[in-house]
Amino acid sequence: MHFGPHLLLAALEGLVTSAVLALTALGLSLVFGVMRVVNVAHGEFFMLGAVLAWAISTAISDHPALGFLAALVLAPLIVGLIALVAERLVLRRLNYNPEATIVATIGMLYIIQQLALTFYGPEARPVEAPFSYRILLPWFGYSGYKLSIIAASAFLLIATWLVLTRTKIGLVMRATQYDRETAQAFGIPVERVYAGVFAFGAMLAAVAAVLIVPISQAHYLMGQDPLLLSFIVVIIGGLGSLRGTVVAAVLIGLSDGIISVFFSPTLAKIIATLLVAMVLVFRPQGLFGTSSR
Amino acid sequence: MSEASPAKAYALHLGVIALLFALSFVLPAYHHGLLARIMVLAVFAMGYNMLFGYVGLLSLGHAMFFSAGLYGAGLTVYHFGWSVPAAFAAGLACGALLALAIGLLALRTSGVAFMIVTMMFAQVFYLVILYFAAWTGGDQGLVVPQPARILVLGSASLDLTNPTVRYMSALALFSIVLLVTLAIVRSRYGRVLVAIRENEGRTKMLGYDTFSNKLAAVVVSGAICAASGAAYALLFGYVGSSFASVQYSILPLLWVLLGGIATTLGPLIGTLFMYYVVDVTSGYTSAYLLIVGIALILLVLFFPKGILGTIRQRWLGWLP
Amino acid sequence: MTDKNGFFDLSKTSFTRRTALKGLAAGAGLAVAPGFVRYSQAQSSAPIKIGFQSHRTGIGAAYGRWYEKTTAAAVKAINDAGGINGRPVEVIIEDDGTDPGRGAEVVGKFATQHKTDIVYGTLFSHVVIGSAPAAGEAKIPYFVVSEGHHVASTKLNRYVFQPGITDVKSQIQSMAPWIAANAGKKVTQIFPDFAFGYDHRDYLPPALKAQGAEVIAQIAIPPTESSFTKYFPQIPAETEVIYHVMVGPAVLTFVKELGEFYGSNRPQLFGFIDSLEATDINSPGLEFLDGSHFWEGSPRYAQPDDSPAQKAYRAAVGIDDNGAAVGDPKDVSTAAHMFGCWETLYVVKKAMEDAGYKGPEDRTKLVEATEALTEFAEGPEHPQGPKTFNGKIHQCFGIQNISKVEGGRLNVVHKTKIEDGLYEPEGDYTTQAL
Amino acid sequence: MMPLLTTKGLSRNFGGLRAVDGVDFALMPGEIRAVIGPNGAGKTTFVSLVSGRIQPSSGMIVFDGADITSLPAYARVRLGVAYTFQITSVFANLTAYDNVALPVQRTLTDGRSKGAVHAGVMAALERTGLADRAHMQAGHLSYGHQRLLEVAMGLALKPRLLILDEPTQGLADSEIDNFIGLVREIANSATVLLIEHNMPVVMQLADRITVFNAGRILAEGTPEQIRANAEVQDAYLGATHG
């Protein structure tokens, strides 16, 4: 294949990765930014979203689109509820201590993973896409559903951005993020904000998973890579910066796609990871973060 | 940390070593073998604790130091036929040099960025092992040939595959590292490390070059972890990339947190505890990870300072 | 041995009752099984204990579950027929987490705590290689069902055997003549960028060259990859055959994306079924595979010319004509590999009986007796087909199947000969001390 | 006599704000110098520049004849520039003993003092009256004692220049009297640069006073001269007391 189309394909693939990554990472970033909690179990919420999507769409198997839509609504809600319970039972009782919450979320990771293995099983299971339209380009074919993921993700990101910047909920969240004590003094119910943010973060991961599952199957170990990538995106993008998170997700997604055009894939991963690490070393506040707070 | 009761502390540590020595003669074969492995991995945890517990630097990439030792020792034996001591030294040197390089870069960051940067460097290290599969055996790993695992000391030769020799070698390494750790922690240098953990800015204003001190701590920590890795390769005969994966960066963190952060004996206790929880529960259910997860959460909820940390806080304030 | 029925299956009411009934029936069957009764009455001979190192968790869990089912079936069959040397067989399972470190510990646990007679069962290569030193040091025979070339490479030790499944080097070599003659001469390989893939990378090109075909491109894909489309442009346009071998949970994605990329206008496809073990060939998106060919160790779908032994084996393990669990068509087995468990256990039985094996003190005799084996005839004990065994490299060699995807099932179109897969031994374990 | 500390054209900008603006300053050995000025006058920024906690935008700092402008903070401490924090920042989780042991072992390593850590620590604790609390956790000490511990740590550094940033803040009157005695004693062996709001303390202690306003030095002189200076009264004293 010629270089131009090859690059186009790599870019398209990169954008799909970016779209899913942006949603997942945004969830992590909110939790991290507002609560200062490093949620190691974030990838497992992602996995739960995919597994639930399989369960729901299998239960409603009349029409793939119907099952998928039901999953798109229900799976995040269930995951959000689970996150809420976890927040109540564990994180709150730890008073959101950074180190303690890392251990606790590692514990959650094990629990969720094991429950998925026990009840869902070790197989990778597919979910049918709501529609299967193959876009025929002059050089290659491309999945229409993949393009719709990009659109759906963009829509969700804009909606989240509007909520964060234009509504009272967003204001309250930002105030809590800026200074917990002061927010409390101003009568903001910090604990409720935290619970809401944690659940919302998990829901974003679940939505991302439901979107991706028709092209990449549900599997009980699928949460690992999104977790690592999301961490990277959050740090590169700068803490609690929605714009930074999205830009970083696009950057990571595209570079992942495009670097692989030029290098052997494992070498490409080595170079990409090293590059990102170097960015962190020499600009630890991230590319878009402000230097101090 | 105070100058009080050094005799008590040293007596306790020597007592633990004596106990482990005595156990060699009474333990059933299985537990004997398991304990040898636990002691080697407890060294890994002690190396991790050096940095995490005493300097307050939370790394998520220590698997790279462990596997630097593992491969440094394993590959020199496998490809060049080096002797056991030379291979061990090679592993140690690999870990220390890697730690120096990583420290110089990663210490420019702090907090969460430090966690992520170390994790990413470890990921690079892991991928490099896969990339050079022709040398490293990639994800399958390599078996260190049994005849090469014989330690020749003058006229005597010790077969590291023999259970008793292996146990005693593991105990020797463990004891040395334990006493070195204790000495460091109680030294002036240890006091500076704790000061950096508590308040780095203030420590600078007492005339300490905190960067160099932290760098030294990263190197010491990396070297100890590498010693553990090198011993693992030589004593258990296998090197593989799974030891460089993220999981093996998280494990020492867990062991240390369980046993008691910033306690000299905590890493041993944490490793021991975790191993036996997995070992016992896996006998009853394949869902033992569930139990591990629940145990972690309960521990962090009710014993946030870990087993030994809680004991120190409630009863034995003098524990180092 | 637990049979993990999916939670979501249970939630469907139509299955609940059936699953429960099935469980009851199985329990009743066990209680009245002749072997069971005999041993509980006799109690004269202690059981032979086999330590089963199983991938219950971790990346290998889908295989582990089916390996356990096959093992349970084989052990039941062996015990029903009087056990080994008149002694019943007892299987003790430990999870290795598909991790080489834990694997070595588990071998130690079998040897020193459970005091099993042998260790058996492992699939994933890195676990085998990681556990082999522990087996060698404990001097406990270690029978693996891994298909890796590691045993035959003679880089492990004298206690490790692979007598139930052909190694991958031999499999690849025996595929080459058929590919060159039937699929095409210009081959592009797509394989995972780790050891399993390297076997294919290294052994296929010379094998094809010997048949007058050539590999024109090799595309390695990193193990962490979950999306593959971006690699497809590297496939040269003149490619006649795409030779693909992917493992892990992302393989379905791989095939689907290949389908989206090429549509109906595709080169010939030849793959190793490893890509789709435990996956329904009729999953959405896999229509693309129709007309393509796969290597299969043992056929997943029942074939018209199946031997009575093959039929009996399928019934004993509990897989239907489509290779799925009886009663749950969605629970697809790892048929191409798991037969190796069945056959390995029968090899163990044969070797133990040849050696007059009485207990752990006879382990060296067992090793030598196993090394003395040369041939396994097709039959109830070896339902996949006849095999030869090379005692010097501890590896068996059998026939391989090439199957075509037609109408949503895999039909065997070619069976290779054992000779197609033979190669020069790379060493000799029997010269090592016991 | 050569000044111990001089700054030439020392400036520091924060964004658009010139917190310290071209300050020329000289301090003679053995002096007790007070720096006063209204809030935001740049006093703390100035001493932070001297101690090396922040880097100057321009200008030069000379200590004991050597240019230390580009030296990192810890290196200045080793030369003898000690700084005690405005906000108490003892190591709360360490014992008082360990808090003081840190600076003591530092000077021992540097060869600026001799003997054992233990003797040095106890000497510093005794001078500040904390000897009987040596094994208490610093965080459990009363506020006043924490301030004293802070001073003890400064002392233990054997400084040639001790910078005290608002040392009497939050102290009771009785404690302040003790404190004044302590600073006088310190001045026997070290030069003292004192930022202080409490004017009676300043007037009692200082040999000379430097007045900062808007990042610049407004006036400098003996306490009497400063008290008489009309400009200072307008800019500062008037503002505070009027």
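So that you can tell them apart, the chains are marked A, B, C and D in the order they are listed, and the count of residues begins at 1 in each.
Just so it is clear, contacts are C-beta pairs under 8 Å (C-beta built on N, C-alpha and C of every residue); 3 or more make two chains touch, one makes a residue touch a chain.
Keep in mind the model is a prediction, meaning the values are calculated, not measured.
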Does B-D or A-B have the larger number of C-beta pairs in contact?
A-B
Specify the chain most distant from subunit B by Cα centroid.
D
Computed distance of Cα centres, subunit D from subunit B, in Å:
43
Rounded to the nearest Å, the gap between Cα centres of subunit A and subunit D is 50
Approximate Å spacing (C-alpha centroids) for the pair subunit A, subunit B:
33
Just give me the whole-number Å value for how far the CA centre of subunit B lies from that of subunit C.
37
Subunit D, residues touching no fewer than two other chains
none
Counting only residues that touch at least 2 other chains, which ones in subunit A make the list?
114, 117-118, 266, 269
Touching two or more other chains, which residues of subunit B qualify?
127, 130, 289
Can you give me every chain pair that touches, using the contact definition above?
A-B, A-C, B-C, B-D
Seen from subunit D, its contact residues with subunit B in the complex are 51, 53, 72-75, 77-78, 82-83, 85, 89-95, 97-98, 101-103, 105-107, 109-110, 117-118, 135, 153, 157
Contact set on subunit A toward subunit C in their complex
1, 5-6, 9-10, 12-14, 16-17, 54-55, 58-59, 64, 114, 117-124, 126, 128-129, 132, 134, 136, 140-143, 215-217, 219-222, 225, 257, 260-261, 264-266, 269
Spell out the part of subunit B that touches subunit D in their complex, as residue ranges.
1-4, 188, 191-192, 194-195, 198-199, 201-210
Subunit A-facing residues of subunit C, complex:
4, 6-8, 11-12, 57-59, 61-62, 64-65, 193, 220-222, 224-227, 229-234, 237, 249-253, 256-257, 260-263, 278-279, 283-285, 332
Subunit A residues touching subunit B in their complex are 32, 38, 90, 93-94, 97, 99-100, 102-104, 106-111, 113-115, 117-118, 224, 228, 231-232, 235, 239, 266-267, 269-270, 273-274, 276-278, 280-282, 284-285
